[in-house]
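Dropping the structure in here first, questions after.
Going by the order they are written in, the chains are A, B, C, D and E; count residues from 1 in each one.
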Amino acid sequence: MPRFFKRVSKKAGSSPGALVHIGKKRMEKARITMIDYDEKRFTAKEVTRIEECFPFKKKPTVTWINIDGLHEVDIIEKIGKEFGIHPLVLEDVLNTTQRPKVEDFDEYIYIVLKRLSYDEDKDETRSEQMSIILGDNYVISFQESAGDVFDFIRKSTQENKGVIRKSGPDYLAYRLIDSIVDNYFLILEKYGDRIEGIEEDMVSNPKQETLETIHAMKKEMIFLRRSVWPLREAVSGLSRSESRLMKKKTHLYMRDVYDHTIQVIDTVETFRDMTSGLLDLYLSSISNKMNEVMKVLTIIATIFIPLSFFAGIYGMNFNPEASSFNMPELNHPLGYPAVLAFMTIVALIMISYFKRKKWM
Amino acid sequence: MPRFFKRVSKKAGSSPGALVHIGKKRMEKARITMIDYDEKRFTAKEVTRIEECFPFKKKPTVTWINIDGLHEVDIIEKIGKEFGIHPLVLEDVLNTTQRPKVEDFDEYIYIVLKRLSYDEDKDETRSEQMSIILGDNYVISFQESAGDVFDFIRKSTQENKGVIRKSGPDYLAYRLIDSIVDNYFLILEKYGDRIEGIEEDMVSNPKQETLETIHAMKKEMIFLRRSVWPLREAVSGLSRSESRLMKKKTHLYMRDVYDHTIQVIDTVETFRDMTSGLLDLYLSSISNKMNEVMKVLTIIATIFIPLSFFAGIYGMNFNPEASSFNMPELNHPLGYPAVLAFMTIVALIMISYFKRKKWM
Amino acid sequence: MPRFFKRVSKKAGSSPGALVHIGKKRMEKARITMIDYDEKRFTAKEVTRIEECFPFKKKPTVTWINIDGLHEVDIIEKIGKEFGIHPLVLEDVLNTTQRPKVEDFDEYIYIVLKRLSYDEDKDETRSEQMSIILGDNYVISFQESAGDVFDFIRKSTQENKGVIRKSGPDYLAYRLIDSIVDNYFLILEKYGDRIEGIEEDMVSNPKQETLETIHAMKKEMIFLRRSVWPLREAVSGLSRSESRLMKKKTHLYMRDVYDHTIQVIDTVETFRDMTSGLLDLYLSSISNKMNEVMKVLTIIATIFIPLSFFAGIYGMNFNPEASSFNMPELNHPLGYPAVLAFMTIVALIMISYFKRKKWM
Amino acid sequence: MPRFFKRVSKKAGSSPGALVHIGKKRMEKARITMIDYDEKRFTAKEVTRIEECFPFKKKPTVTWINIDGLHEVDIIEKIGKEFGIHPLVLEDVLNTTQRPKVEDFDEYIYIVLKRLSYDEDKDETRSEQMSIILGDNYVISFQESAGDVFDFIRKSTQENKGVIRKSGPDYLAYRLIDSIVDNYFLILEKYGDRIEGIEEDMVSNPKQETLETIHAMKKEMIFLRRSVWPLREAVSGLSRSESRLMKKKTHLYMRDVYDHTIQVIDTVETFRDMTSGLLDLYLSSISNKMNEVMKVLTIIATIFIPLSFFAGIYGMNFNPEASSFNMPELNHPLGYPAVLAFMTIVALIMISYFKRKKWM
Amino acid sequence: MPRFFKRVSKKAGSSPGALVHIGKKRMEKARITMIDYDEKRFTAKEVTRIEECFPFKKKPTVTWINIDGLHEVDIIEKIGKEFGIHPLVLEDVLNTTQRPKVEDFDEYIYIVLKRLSYDEDKDETRSEQMSIILGDNYVISFQESAGDVFDFIRKSTQENKGVIRKSGPDYLAYRLIDSIVDNYFLILEKYGDRIEGIEEDMVSNPKQETLETIHAMKKEMIFLRRSVWPLREAVSGLSRSESRLMKKKTHLYMRDVYDHTIQVIDTVETFRDMTSGLLDLYLSSISNKMNEVMKVLTIIATIFIPLSFFAGIYGMNFNPEASSFNMPELNHPLGYPAVLAFMTIVALIMISYFKRKKWM
């Protein structure tokens, strides 16, 4: 449940723009890393005080500041003051219940995304908020916890692979967003495997647990949908952005990310349809099985209950000596074989009836 | 039901613009409070006659008049005359069955919202209507009953916290709307908890009551949806308003409220999907249980009904003395053990059949 | 069914613009009433020949001609000729299967609406067509049968209440439409009560009749939806009309009617969702009850069928004298109490099994 | 099935614009009729060679050529050459699997419609393609088979009824389309009757055949929907057409056809909802009946199985002479009446239990 | 599953524009064929090195290069360099998980489509990616494996049939797309046949396998929908393209392909509705059958269980000699016939009860 609805009530009643961290504290201490580069130079360092990054702001080089851990509100506050960020943006950075969105404040673009990761222990997807502020010559990224999702970008920047060192901060922002979206495919693969697993389980033996797994899958799909639809809107906004911060050349790349997002949504919707199909299949299988059970019961009962009745008849103790009407069969020399034969015939008729009805 | 459809029929047939209070009378006596402020001055008072507020209208300071209780029609009428409000607006203020909406009358903007509160006793959400009239230098708010939802705003104005004293009446209106929307999250939390509760109940033991709780939840969700979708439209209208009463700076704040509204809708839709999922799960569980019951019945009946028949055979009273065909088994020295052995074999065959069918 | 689909086939094959009355003849004789007014004068009369109304057409006063009963085609034809109405409009006036719509022919606006009324006898909603032609200084309204829905307007015009006598024919048209829409709320109240009734019935005892009532409600909702959605479109068209016949001032009032229409749709949709919810609840209740029935059967059968078998064993007539293997229990001094004790133990084990399964 | 998906594969692989007739050959020989008229003159003839019609093309009169039967490809080819029709249009005329559509080629407008007819024998709706080419002073219509749907138009043209002789070819095209759309109402009436019939059947006795009829109705509705939705699009396109071939005056008539189309769609959607409702009702009725069956079984079994057990007890053959513990009841003077009384009491308790549960 | 979600994770983490083949390697060796033509000349050859095609690029003739097999990344790389294709496009050509789309890069248009083929062995539809790059005087097509889908185009170009040799590369591109879309109809026919088959199976005997077939069909429909909806978007984009590469004349042809696409979607949606209908029919049939089974069981049990009880009564061993109350019937001269008559009457009453209930 908490994944579906993070508690924001501690916020309700405070002034707008008040900086309060809303969300789980996922790290002991916030980690600040900084990279500064242009085509020729490259500086990377991990700092303890955010102020150490500020001198780079004035240089024409691209400065990327990454903050892991949002609970140290004063860091965000200082960044806000230094880079002239609107208080409402800072509030959104700290409030991890945001929907993915893009907001364009002439001086900078504010981007909120959700980074998904699969929690193997709880067998469910976790979502962490990622904020990116893209300015004239800087990118600031905020994450709830440290992750290795950006390591590849850091490395290829350092090694001057691809065009990243030749491009501006908008290309860097694109790379960050791209790596977040690419990560979604890993999650989707996990779910693809699980759906396949459920389907196989179902064929072999449908159980109450199968049902609960399907229900859990449906919940995961609700969760995923809720994450990816606004993502689409946000990325679409970026790919059509008319901000001067987003260069023409980067638009092409953004459109590529947008295509990936559509593909993610497509897959999520397909999985949702398939999960619904699984539930239908499950319910139909249960009905089928019930039908089969009922047929066995009916066949047995319908054959033996009448036969038992006939046996019961000749188990009655009417006194044959009281009159010749009273159960003369009992003393007939062929009484017993005749009754057995009669019973066999009744049973055979029943069986042929069931055969004709295709119940047997 | 009354929550879904308030009776408006007493209105049908009257002239448009006729001032009739439609709704429950929730307070004995209407309460009028007034705050008047600018960056330097601050006046707050509770008045008994609405006319006491009118002198403040001419001052350039921001005047906020709040009326709790709508049944005293003459108060609304006097305000209408003094501030030049259109009769249809006054009619809407009094008619508590309005949908949330925003209407722009050059001279003022009329805003209708629904304030939700959770009624612990009846275990359901209640909705009260809130109207806001935003003018050049005044805000008038109308509530069905007194509540503490605005206390925080009043206090932070008095203590000159935040930017409220430096801003105009549009910012005040924003704060009122923001506090109403923030309040929705409290309600959503309650429902989040309830859905979680139902899910746990279901796993342990599905009952008729579980079903009724789910049905009640579904109704609540229909109710919530109906409240929040027009809210979105109204807030969206405000955030894109081109009225001169809504300053550029406030637009940003309104967009923030709009984001919250989207989040509320998202959550309501998620809850709705989850409630539907719960109903499916419930029905599937019932089917599963039925299947299990049927299996037990079938196993028992299928084993013992044939055995009873065989016992019945040897309970027949055919006279062995009439001929040697008549039940010679009864006099056979090993008749009884043979029959018992036969019965045991039949039972074992049945059991192995059920085992193979995975019914046991 | 006739309510869902009025027969129009007698029309198929005729020329467009041919005047044929399509619908039930609801009155013996058409009734023509006329009101003519401006701020100072007021004339009202019931005429027998439509030509008596035509002289008023030239006066600058507002003339309202109301025709109850559509089967006298020549009246409509004469009006058409006198007021210069397009043949297709006259055809639509006579064809009571129209969808609500608004059509703007420069010289006049043609409005089709549906007036709903609740037929207590048949327990269903009836719909009658109402056409309004709004011209420069006249309003002509056509109804299928006489009703009291406009009496209030007539009276308040005569008594010069409100602004009607000071306003033009567009305000009169607004009042007619408003009274039609307000009438919908009365119908909705009836349905609100019925839904509440069904819900209570269901809790106490779901029956086949409950199901049929829900089905009937669903059909009514389909019918209502089909009536109100085009109404919305039509009223929306009016409230945004750019015709010179619809004055700026009246737009505000039309927007108010539009708000009511939205509220009607909202309520119909809510009722539809609730009716669907009731069907789900009904089906689930039936499943629940079936489960309960099955449990009782299973418990009884599972306890007594094995016991009967054991009783059957000792009812067999094997001859104890033939060998000591043959039913020695029968002659054992404690045979009978031992068997009874054994049976009691078996029954207790079964009961405790069912208790553990929570079936008892 | 063939109604849902006509085989077009014999076409796949050929060049675009290649003239191949795709569809059933419905007539032995194509029939060509021609009408040529203006306000004063009227010529009608049936020709054997299409070339006989061509001289009329140059005259300023309106020429209407109607071809029944599409399998004689050379006729279509000659028309195409004479009137300068694009090969793709000719291809569409011949390919009877087109969706209704309107295409504007400056020189002419190409219109494809579906003419529905009810096949009483197969109890299903058949659809035939109708193409109309509207040019400056000619209308060419192509039908798959001869029908009487246009007879009325031919007759009223000859007799100079209505405005047709005074109007241009666009009005003629309107009349053709109008008669096609009016025809839909006849089909809808048939379905209205059938739905009503099913509903009555259901109330009296739901059977497997009822289910199959509902399923067939659902399929018909899918088929109808698929036919009417593109029709709406096509007619809407015509009513808003800006082609010089479609005169202002005719727009009004086209809007009228459009209204009819909307009404057709409305009715189809209503029927679809009602058919779904019937399926729900059917399934619920089946559940109800099953429940009733189960109750009877449970009541009988629950009363008599325990009683049989008690009778079985006293049918055991324990030897009362072996000890005084062994079935002393058998020799008690009131044993038999006491047992009968006990059984009666047990039965009464059971019955009162079922009464309380409302199963009886 | 792999058809629904191809693994792209090996890609995640690499630089954008990096050329990696994502998909199955379907051919041993890539096959390169080239056709070069104008109205007079025609050259066709199969080359081993892509460089052999490059000289034709400079000629004004239309050059069509077709590559079957995507795993030889260097071929694609060389083409990219020679024709100046953007790295992101090359990446998309190699990544066979693209959705159908059209992208316009002034110098060329990039088109991605899915070619469907029916895999008879696995009884499912396979999808292969087809990329087309349309430039000023060239068309380059990339396929995952060799197929005969373009043979017809090659042949009719060589034989100078139709207008292809007189038209530009845009017409060639149209022909390629057209043949891909036409191919969809073949697939749809297969599914049409299968649906018809399932329907017939169902009527004769619904089985668990029928259910599994329906489920498989539903999955195929999800797959097909996912393929055709983006196709529609792509083709629609082409038919409205404002690129100078797409000549006015070709627009008409593209609109024709668009119509076909709509028809494909229509059919897929119809099949989807029909498959859902089949599932409903299946479930209802199962319910019906269950009901029938239950009726048989109930009839048998309800008739014979009470009769068995009565037989059981007279099988009790109460000693008639202990008192005259103890089973005096046993010694009555007509005891046995009376009991038999009583039993017959009970059975007849039961049977008439079932007849009245229409269970028999």
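In this text, a contact is a pair of C-beta atoms (placed from the backbone, for glycine too) under 8 Å apart; a residue touches a chain by one contact, two chains touch by 3 or more.
Note that this is a predicted model, so its numbers are computed, not measured.
Peer 1: If you take the chains that touch subunit B and keep only those that also touch subunit C, what is left?
Peer 2: none
Peer 1: For subunit C versus subunit D, which are copies of one sequence, does the interface use mostly the same residue numbers on each side, meaning over half shared, or is it different?
Peer 2: The interface is built from different residue numbers on each side, given that under half of them are used by both copies.
Peer 1: On a C-alpha centroid basis, what's the spacing between subunit A and subunit C, in Å?
Peer 2: One centre to the other, that is 41 Å.
Peer 1: Any idea how many Å lie between the Cα centroids of subunit D and subunit E?
Peer 2: The separation of the two C-alpha centroids amounts to 25 Å.
Peer 1: Quick check: what residues of subunit E touch more than one other chain, meaning two or more?
Peer 2: Correct list: 283, 287, 290, 294, 297, 301, 305, 308, 312, 315-317, 327.
Peer 1: Using the touch rule from the top, order the ring's chains starting at subunit A and going via subunit E.
Peer 2: In ring order from subunit A, with subunit E immediately after, the list is A, E, D, C, B.
Peer 1: For the complex, which residues does subunit E have touching subunit D?
Peer 2: Answer in residue numbers: 152, 156, 161-163, 174-175, 178-179, 182-183, 185-186, 188-189, 192-193, 195-196, 203, 252-253, 255-256, 259, 262-263, 266-267, 270, 273-274, 277, 280-281, 283-285, 287-288, 290-291, 294-295, 297-298, 301-302, 305-306, 308-309, 312-313, 315-319, 322-323, 325-327, 358-359.
Peer 1: Give the list of subunit A residues in touch with subunit B in this complex.
Peer 2: Those in contact with subunit B are residues 1, 4-5, 7-9, 11-18, 86, 88, 97-99, 101, 103, 205, 208, 211-212, 215, 218-219, 222, 226, 279, 282-283, 286-287, 289-290, 293-294, 296-297, 300-301, 304-305, 307-308, 311-312, 314-317, 327, 329-337, 339-340.
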